[in-house]
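Following this line, the structures themselves.
Next, two complexes with chain A in common: one pairs it with chain B, the other with chain C.
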Partner chain A sequence: MGTLSVRGITKKYGSLTAIDHLDFDVHDGEFFVILGPSGAGKTTTLKSVAGLVDMEEGSVAVNGIDLTMVEPYHRNIAMAFESYALYPNKTVRQNLASPLKSGRTGHYSADEIEQRILTVTKTLGIDQLLDRFPREVSNGQRQRTALGRVLIRPADIYLLDEPLSHLDAKLRATMRAELKAIAQNSNTTTIYVTHDYQEALALADRIAVLRHGKFVQIGTPVEIWREPIDSFVAKSLGQPEINLIDAVVANGRITALAGAIDIPKPDGLSEGKVRLGLRPSELVPGVQVPGHVQIKGTVRISERLGRDIELEVSVGDGHLIVVTDSSKAVAERDDVVLSIDVPQIHVFAGGDPGQDTARLGSAQQISPVTKEVEQ
Partner chain B sequence: MSNTVLTERKEAALPLSLSKVQKIYRTGPRKKGGVEAVKSMDLDIRPGELITLLGPSGCGKTTTLRMIAGLETITSGEILIGGVRVNDLPPAKRNVGVGFESYALYPPLSVRENLAYGLKARKVNDAMQQVDELARRLDMTDMLEERPAALSSGQKQRVSLARALIRKPPVLLLDEPLGHLDAAQRQRVRRELKLLQREFGYTTIVVTHDQSEAMTLSDRMAVMDAGIIQQFGTPDEIFDDPANLFVADFVGEPAINLLDGTVVRDGDKVLVNVAGGVLETSVISAKDGQKVTVGVRPQDAFLAPGVKGTVFVYEDLMEYGLVRLDVHGTDKRVVVQTVAGAKLRSGDISEFNVSSHRVYLFDPEDGARIR
Partner chain C sequence: MAKELMPGQKRVTTGGILGDLALVGWFAFSLFPVLWMFLLALKTPAEQTTTFFQFSPTLDNFITVLTDRGRTLTGVDFKSAILLSVLNCAGAVLVSLVIGIPAAYAAGRFKFKGSDSLMFNILSFRFAPELMVIIPVFVIFNRIGLFDTPVGMIWVLQLVTMPLVVWILRSYFQDMPEELEQAALLDGYTRKRAFLMVALPLVRPGIAASALLSFIFAWNNYMFPLILTNAGSITVTITKFLGGGGQAYYNLTAAAGVLGALPPFILALTIQRYLVQGLSFGAVKG
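Showing the complex of A and B:
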């Protein structure tokens, strides 16, 4: 149980600024996920909270007590690393017991230690491996043991660095659910770092999207998904990625893809170049809903994804990626009409290719907040 | 797009077939012991077709590819490329081009020179135009002047793939060609690979352990386990009509739910009792009282009266939700794909059901499909 308050933390490696004046608060019992691509500064952020790097600037406080000058050992913060640090000469049981025998988080009787080991290993599904050595278990089981070593001891804050990244896809999904259950039941305060947006959506109370050492947006999964602050955040969530297409606002209309998209412009959107964002799962082929925008195209590629199919549809002078269920399959080279509801079309400011730009609102409504920022 | 310098080709794509191909790795003293990596494999690939060999590590997929390439001897059986037996031909004479996971690039040459190397050797006139166009298609123009040492593993992999593609061999063999790429890149390169493959018309075999890659890439896919092709078919056939429990379980994400059940015939209806409830199935050959393994895909299950369970967790993934139910009367937990934003809390009692034609039954002993 603990509240974390981080102010202005900055860490440089030579001329490279890994994290740049980060401010954030994590509430008591909150599951806070930092999402970002590799090199964004995720691990450095965690290490700064744990006290494992010398920060150039900033402060870290837990439960109102400034820990900036406190040694990691005394911070009562538990951290699991992506590379699982286990004692090779100790069994799984001995590895799990060692944090409880160090004495720094209290003293435990043999019975208490055994009880905690049983609870944690049962939750993590490794209770049958207690007497094996790390080399005798799979990569996934080693990662779970490393996670167990962190969760077994009481701490104010738990820091988890990509704990599922070495697992295969199926085990990762199972463990993700286990972690969610642990978080729901234990009311621990957790900071969780990942590059996997589905982990972030599934686990987080709030998500902080990190890019080049700065938070781009912090919000609940629903906020981040529905109102991404810019095209970078929009691209960070969803696989396949959101379709981003260049568009022009003129004569009261937004047009894109050589006229294949031609819709009235919402109030408050000024003339010039913009970018439209359309999520692949929100483009529906074949069903023409009154009031929805209709986009005509030709299917270039159709691919099966389990019960879903993924279409690449040539539209005007570009293409759109569409994900739909296989009952709406369209053959390759066939014409198709895609429908999307107007509020689901995101409008971003115009920009050069590869440049990320701010979200202005939807094709239905321009966000008043963003408009102020624009002025 | 197709009338470009890149896609002109002279040689026709070739069919490829494997007939009773076997590979035994000899081990032990005097090589008497042995591991049978590939067991009497038959496979017929049509000219211009893209197939994948999919399976877990150790299933024999890479060994099969290496035998076709000529990098591995064939213990028995024969391999025909374009109707010609190639068992005893060296790799260079087999009409195959390979892109293997270990990207053997020439270190002193730039990416551009690495790609142009084979073309220049064959005195192709427009080698540089071909390199430029392929680089554009594979999104690697900005790395053309780099040396291999300066590239990330994902970039090296794209160069290695490009080098295999640009030679336009009649048969193209690729081992995990997208393994080192990140998710977004993998998507783009995968799609471009597929388009290039179609335009060039190479007969192509891709080895992968990634079921979603196999599903999206293949014209047909061979799902392998223990040196045997468990099923060879289109992605639709593999997913909708799996031959056995292994295929049903290996393909699909999240994985198919498996429960123990007992068949009850009730007039015209065939029912399966599982602890926690009853499901109706359209499997007509199931016998009254027969013990079965029941398979239900998460995407086919929906929340409705049928089989009772307690919600373990609900995950809202915004495009859809996943609910995990602890099925009453068992130690099994099933996954049901449902709508985003569902009001489900851990501990809630819920129920799932599934359309009768989406209930798969398997023999609990050998995993054979009961139809």
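Showing the complex of A and C:
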């Protein structure tokens, strides 16, 4: 158990700044997820907290004690590496026993060690592999061993670097649920790094979205999903990605897709170019809900992805991606009406394609903070 | 249509056969001097200058070289020389490993000011000709009484072996993923224990390879023992059978040569199994 507070940590590799003045706090028992694309600086952030990289600037404190100059082995922090980093000359059992035998995580009798190994390996489903060497087990099993080497020991903070990335889809879902249960029961402070938004949404108490070594937004999963701070965060969550379409605000209305979308502008939105964000799962085909915005279009492509169906719908001079369940299937080349609730239409500042712009609010309400910035 | 090959089977082509034959020819050509030495070592003094392969083989030469008989005949104490050589070379390798392994680890893991020029400096011991330094070393050895002592020999031979150990092992340490040691640090082990527990066992093939190679280099060194000892070493002692103005015992020289090649050969066979082990055993994602 531990409270982590990180201030202004900066790490450069040559001329490249991996992380740039990051500030964050993780509360006692919190499950904190860092979400970002590869190269964003996620692993460097974890290693800075663990004391494995020499930072240019910044401080790391646990439970109010400054650990910046403290050696990693005195920090009482455990980490699962994305590369597993299992000791190749030791069996799975010896790998798992390693943190318990160092004398710095507590003192354990041989029986206690064996008992802990059995408990953790049963949970992770690798109890039949104890006497094998890392080279003799699959990637998924190696990854679970690496995770086990963390979970087996007490620590102030667990750092997990993409700990489920090499498991197959079914096992990943099981392990995700298992991890959540472990985190809730043990009440251990955890920092979890991933590029998978579903893992982030499922596990996190709070999510920090990292981009180019800086946090773009930190918030609860609901906040991040409902009110992404900019189009980058909006695109980071959801597969397929959010539809971003150029729109014009004029004469009290927002129009886009050659007039296929034409809605009244919310108060506080100034005239000019904006971008609208519509999540594929919020666009409902074929059902006309009163009060929702209706968008007319033609289905161009319909792909069945198991339970869900992904539609590409031509609308005006562009297209929208829609995800729906198979009960609302629409044949290709058929006309369709998409409806979406007004608060679900995100409004972002206008910008060039590929450029990420700030979220101003929804089509119903411009957020007050942004309004101030805009004026 | 080419015939389908079974796994492990290779396609036979004319070019391939010709290439193999050429390699066999080269093999025979390059090993011929060694064969000649073996044959010569088995010949009697009367046959030693003949070039025929027909002779009555005898092990007499080996017995002569290794016993007092050779000593009275030629004045060469081969047995003591070979033992002393083993001692000197093993000592030099041991010193090189004790100092060279930590040096290689530091050089492979940490970048510090002047680390590159330091490594280059160590390497320069290898490519600078020994003749360049032999006179000053000779003078120094005479002054401080290291001339013709085992300590003196070990000291100069480790000039030959140390660069090899450091350079070979440095690349092993560099190839080893740093995250293995980082994991050990977070498991609660100090840097020293992480090195002993994780890094050292993994570079065992490298230690074996560099120890073998540096032993051979020290064993084959001629210049240092020639100038810096009287007690002799294997390389210098073998040449003494050629008489230096007196009678040349070619057959005894050959027998001594065969015996002199044995220690590195035995060493190579002993540590061969460590040489073939892979480095990371697939414990880290590739």
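Everything that follows uses one rule, which is that the second predicted complex is superposed on the first by the 375 of 375 C-alpha atoms of A that agree within 3 Å, B and C clash if a C-alpha of one lies under 4 Å from a C-alpha of the other, contacts with A are read in each partner's own complex, and residues count from 1 in each chain.
To be clear about the criterion, contacts are C-beta pairs under 8 Å (C-beta built on N, C-alpha and C of every residue); 3 or more make two chains touch, one makes a residue touch a chain.
Since the structure is predicted, the reported quantities are computational estimates derived from the model, not experimental observations.
Superposition note: with chain A as the common reference, chain B and chain C can be accommodated side by side.
When the two structures are aligned on the shared chain, A:Ala85 is found in touch with chain C, with no touch to chain B.
By the touch criterion defined above, A:Leu237 lies against chain B but remains apart from chain C after alignment on the C-alpha atoms of chain A. For the combined model, the angle formed at the CA centre of chain A by lines to the CA centres of chain B and chain C equals 80 degrees after rounding to the nearest 10. Once chain A of one complex is fitted onto chain A of the other, the partner contacts of A:Gly58 are absent, as it touches neither chain B nor chain C. By the touch criterion defined above, A:Gly350 reaches neither chain B nor chain C.
Residue contacts after overlaying the shared chain place A:Glu71 against chain C, while chain B stays out of touching range. In the superposition on chain A, A:Ser102 makes contact with chain C only, while chain B stays out of contact range.
Between chain B and chain C, the minimal CA-CA distance in the chain A superposition rounds to 5 Å.
Taken together, the two structures place no residue of chain A in contact with chain B in one case and with chain C in the other. Taken together, the chain B residues at the contact with chain A in this complex read 182-184, 187, 191, 194-195, 212, 215-217, 235-236, 239, 252-255, 297, 299-300, 312-313, 315-319, 322, 324, 335, 346. Residues 37, 169-170, 173, 176-177, 180-181, 184, 198, 201-202, 221-222, 225, 235, 237-241, 279, 281, 300-301, 303-308, 310, 312, 326 of chain A are the ones touching chain B in the complex.
For chain A in complex with chain C, the touching residues are 47, 50, 52, 71-73, 75, 77-79, 81-89, 98-99, 102-105, 133-135, 139, 142, 149, 166. Residues of chain C touching chain A in their complex: 177, 179-180, 182-191, 193, 197-198, 201-202, 280-285.
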